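Okay, so subunit A shows up in both of these, paired with subunit B first and subunit C after.
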Partner chain A sequence: MKKLYSNKLTIILFILPALLLFALILFAPIFVSGYYSLFDWNGFGKMNFIGIENYKELFTSNSIGFLKALGNALLLALLSVGVQLPLALGLALLLGKGRKGERAFLSIYFVPVLISTVVIGQLWLKIYNSSYGILNAFLRSIGLDNLTRIWLDRDTALGATFVPILWQYVGYHMLLMYAGIKSVPVQYREAAMIDGAKEGQINRYIILPCIKPILKISTIFAVTGSLKSFDLIYVLTNGGPLHATEVPSTLMISMLFLRNRYGMGSTIAFLLIILCFAFALIIGRMFKDKEED
Partner chain B sequence: MVKLNDIFVNRNKKSGNLVKSKGKEVWVYILFGIWALINLFPIYWMFTFSLKSNGEIFGENVAGLPREWLWSNYKRAMAVGNIGRYFANSVFIAIVTIVIVMLVSLMATFALTRFIWKGRKQMNKFFMLGLTIPIHASIVPIYVILSKLSLLNTYSALIIPYSAFSLAMGILVCTGFMQDLPMELDEAACIDGCGAWGIFFRIIVPLMKPAVATVSIYTFLQCWNELMFSTIFISDSTHKTLPVGVQALSGQYMTEWGPIGAALVIATFPTLIFYAFFSKRIQESFITGAIKG
Partner chain C sequence: MKKVIALLLAMVMMMSLVACGKSSSDETSKDGSSETIDLTMWCIATESDSNRHAYEASIADFKAAHPEINLTWEATQNQEYKTKIKAAVAANEMPDIFFTWSCAFLGEFVDAGRVYCVDDVYAQYASELPEVMMGNVKFDGKYYGVPTTLNIVGMFSNMELLKEVGYDEVPATYEELIECCDALVAQGIIPFGCSGKETWCVTEYLESIIEKTAGASVLNDIFAGNASWDNDDVAKAVGIFQEMIDKNYFDPEGIALSNDEVKANFIAGKYAFYMNGTWNCADFDKAGLSDKIQVAEFPVIDSSKSKLGELIGGPSDTLAVAASSKNAKVAAESAFEIAKGICRYGYLDGNGLPAWTPDYDYSSINSLTQSVADIVANSSQMVLFGDTAMAADNANIYLDYVSQIYSSVINGQEFVDGLTKDIK
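This part shows the complex of A and B:
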């Protein structure tokens, strides 16, 4: 038995397919992207080594507008942490109490997470449609005609694209938090109740500290997810009108496939990965410090 | 930390004790109801307008059930929008991806949990990193390689990256289940003359059905909804997946909301059917993926 399970050749044969897929598709590309980012390259011609020029251009050029795109993504991250997560937490706390039908509501709230972002994007395009959209129709029907507008024009497009993004993933964070709350032993809650703790106090002093690891995960996902956000913005506005809703991912795609600037596209991709890892580390650190207090 | 099995077992336990005043309860349920409405309304609206004429959608009957059920919208989406073809493509890609992910991750997990070798813990950690790597990193390098190998606009252009990005989740879930299988099984099989491959295919794999179900559903959802790779790697209409196809259809036939709605429904209903049957398993897979990642 031992001999059978320490045969080197068998081990290699079993692990090799996974290792190859992983190394070639997931890991190598990170380094290759980092390498490409040092070149001026249109994808097929000669690659000109230009050092960190791409990075310099990215942060200084107004015509690319990377800082604006990054700003949009960070604003989305802020809203995600400030609006989406509290909403999810509130719902999870209410659902986690053991009410009748909580599982049914939980399942309903998770539905938007499962639906393709293209479908959600197309639906919201139709909700926002200025002549026939249901949002304007609703406003007209309750006599607020003066509020009807072209929702995806320059002034309101950013807000209008953020709403479905935030809406779609409330259910996701809520599910994680609900799972955390459910894993808090009922005895803790009961003991606190016997000691006369109010509901708010139980939530604040018992539930929240117990689900801190989940809150950390949710915060990391909310922030890195916002930085990477692509699908819904691509479907709703593709970064327009006039770059009003541009985020790093849409900018990356237009660099690559509209302007054939592969070096610059790789630069954005590489920066995004670094930013995601950096934010994940920082958020992890922030939660840790609090735990030690 | 959260122990997964407990999450859904704890529910409704002692629920009577935890909920107090009746009056407040009503408000909580009203709140739940409103949020459920906000989550389901766009989907309800999609189903209804997929069966309506433009006349109804654009004014006569914006939000109600269709007066005349226009199944011809679905026929039109199939005929003009080629949605049937895209549906078949998506199904094919998802199935092949699931088979690859299952086989490769079961093999890797077998090597990681059964065999005794140095570095297997590190190897496991390495695979788990895959849960956090954003797909952005891979876009440029993989695109360049695919175009050099003339593999753009093929099924493999999507199947290979999809498999790689679902692998971490596959290994994570399989490890959980495989560790619970007693070693005595392997020993008995070994005494009966089974080799490593025999144990794997005859003993282990048949016992991994729950893991296979979880990973398959998760992988299916990832493939079915994915947009970034599929938009970039596929441009010809014979290989388009549903999300890309729906995107193209709504760009071409902007004013025909009925058929677009039909296409959206076609893209959504498999997910909803899966969810109706496996909601718990799907939710658990999302929780597992998040907490370990």
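This part shows the complex of A and C:
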């Protein structure tokens, strides 16, 4: 074995196929996006090199509205970490204790993750419909007629779009955390109980530290997923009305395929990649610091 | 026969279809062999599209007449199709024949040299397809597509609802229309339905109001880039549109509805008026509403600058051929044959007026389409839909401002100031 590792040619030969595949799938598109972001190009005509003009325009143009889109994505990330993950953790802790019907609940909470996003989008469109939607019907039935409204209008569309996004992936994070909780040796819990620890203390001082790597992964997924969020917003509002629900991904699609600004679309794509990497590193560092503390 | 002549005259009278951009395309003539030829075609005639039958029937006729050609076709929904065809053009992996909107949408493909010039083939069909219909597919003096049907924006009126407020006919003047709308609102009936989710639907209203305030020539020049948006009449027209919104003439729920939902509401009798493309005639006829609905053009607002007969619309639906096609000439001939068939069946189905001269009995067309034919026969000028006439980037900036107007975020002056600054 030692001889095998000492042969650099063998190592290179074995690593090369996977490395090539990895480079082609991951690095080549990033590099190409970065390259195209330096051009004024409609996707099929002549390419004009303009340097960092696309980046300048992206951050200064009101007609593009990138900062608002980025703000919406960051707000979604904040809500994901502040609302979605605690909810998922609560459910995972409840189910992780081995309650009756554990598997059934697990499946039920995970169902939204399995359903097609388009189906979920259509479902919530019906829920929000101001004429026959179940939300307004419910409010009317309990005498809160004054709260009924057009849910996907400019004022409430952002919140109304975030609700199904957060709802859909609670089950996903719950499953990750549940798997982590289940991997904590049962002896730890039993030992703590013998020492007189209460349920909250066991969760706080035993379970959570043990599943910290899972929490880190969940946080990274929640934040980067929010930055990249696209499908449900596209189905529900397509970024409207008046860009109220615009996120970088919907803006990117609009630039690439509606406004024929391939260079600008590539700029947004490249920035999204950078942002996702940056947030993944920051979150990783934050968890690492705490582990070290 | 009179109607054919009237229609032909009207077509010839359409003098100022939007001028299109210039192009530089490498014209590569590639003749196919006489063996079985495989051709592919993309379009937007999905199962739910009102033109589906016209495409199916035309392609069936074409296949029967040309057994030597193996044509496979697929349809994609309108919005997704725009993405799909642009991606295909970018990758230069286009089908032999593809559906496109004329003018700027097609123009950008032509500029990139991806579209086959059909001048030679058009020469064979010139007697059946009037040259005036080819204006929107002409770039630098060459033709790059085949139009199928012609549509305009029509004001569809639910006569049963109008009768409830004492109107037996569609209001003929702007003042009458306003009085009618006031009466409808007082009666608890919503005058207009318009989708805010699909901004092109708002332009159907706004462009008609601008045209009938500032005049067709002014709007045409603005769309063509020959005049600035900084125009007092345009600002005034936008103000008129917003006043109609403020007076509750529009369904407030429309802002979050798709066009299909708004159309369904109109069919269900929720709105008195619905302004949209005349391709809807077939659907209204199928819904059994031909007796209940009438179609008219939007009334004149400023008679010193506009007049009846100035319309929004024109031949936009087009078939084009990829320059990269291995059988480009055969594909071009096929595109003409198929377009001719789509035009015929589409007209008979009531999906629009024919871009091609009808040489068949069309006495069976529904009464709504017949009314549209009469409106077009009396028209003097048409302005193509703004989002088709302008290049993609400008069109989307324009649509952004239109949606801001519909949501009353900006006023008429801010609309013209913003567009003057942002439109390139």
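Simple rule for what comes next: the second predicted complex is superposed on the first by the 266 of 293 C-alpha atoms of A that agree within 3 Å, B and C clash if a C-alpha of one lies under 4 Å from a C-alpha of the other, contacts with A are read in each partner's own complex, and residues count from 1 in each chain.
The working rule: a residue touches a chain if its C-beta (ideal position, glycine included) is under 8 Å from a C-beta of that chain, and two chains touch if they have at least 3 such contacts.
None of these values were measured; they are calculated from a predicted model.
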Room on subunit A for both subunit B and subunit C (clash or fit): clash
Touched partner set for A:Asp153, first subunit B, second subunit C, both or neither: second
Which of subunit B and subunit C A:Gly43 touches, first, second, both or neither: both
If touched residues of subunit A are counted for subunit B and for subunit C, the larger one: B
Contacts of A:Tyr262 with subunit B and subunit C, given as first, second, both or neither: both
Touching partner for A:Gly239 - first (subunit B), second (subunit C), both, neither: neither
Touched partner set for A:Ser130, first subunit B, second subunit C, both or neither: second
Partner chain in contact with A:Ser254 - subunit B first, subunit C second, else both or neither: second
Overlapping segment of subunit C (options 21-29, 57-65 or 75-83) - the one that collides with subunit B in the superposed model: 75-83
Touching both subunit C and subunit B, counted on subunit A across the two superposed complexes: 43, 131, 253, 256-257, 262
Contacting residues of subunit B [partner subunit A, same complex]: 1-4, 6-8, 10-15, 17-20, 25, 28, 31-32, 35-36, 38-40, 42-43, 45-46, 49, 57-59, 62-63, 103-105, 107-108, 110-112, 114-117, 123, 126-127, 130, 132-134, 136-144, 147, 160-161, 163-165, 167, 171, 186-187, 190, 195-197, 200, 221, 224-225, 227-228, 231-232, 242-244, 246-247, 250, 257, 260, 264, 267-268, 271-272, 275, 279, 282-283, 286-287, 290-291, 293
Contact set on subunit A toward subunit B in their complex: 1-2, 4-8, 10-11, 14-15, 17-19, 21-22, 24-30, 32-33, 36, 43, 91, 94-95, 97-103, 105-120, 122-127, 131-132, 134, 137, 167, 171-172, 175-176, 179-180, 182-183, 186, 189-190, 193, 199, 213-214, 217, 221, 224, 228, 230-231, 234-235, 249, 252-253, 256-257, 262, 265-266, 269-270, 272-273, 276-277, 280
Subunit A contact footprint on subunit C (complex, rising order): 82-83, 86-87, 89-90, 92, 108-109, 111-112, 114, 196-197, 252-253, 255-256, 391-393, 396-397, 400, 403-404, 407, 409, 422
Residue ranges of subunit A touching subunit C (in the complex, touch as defined): 42-45, 63, 128, 130-131, 150-154, 157, 237-238, 240-243, 253-254, 256-262
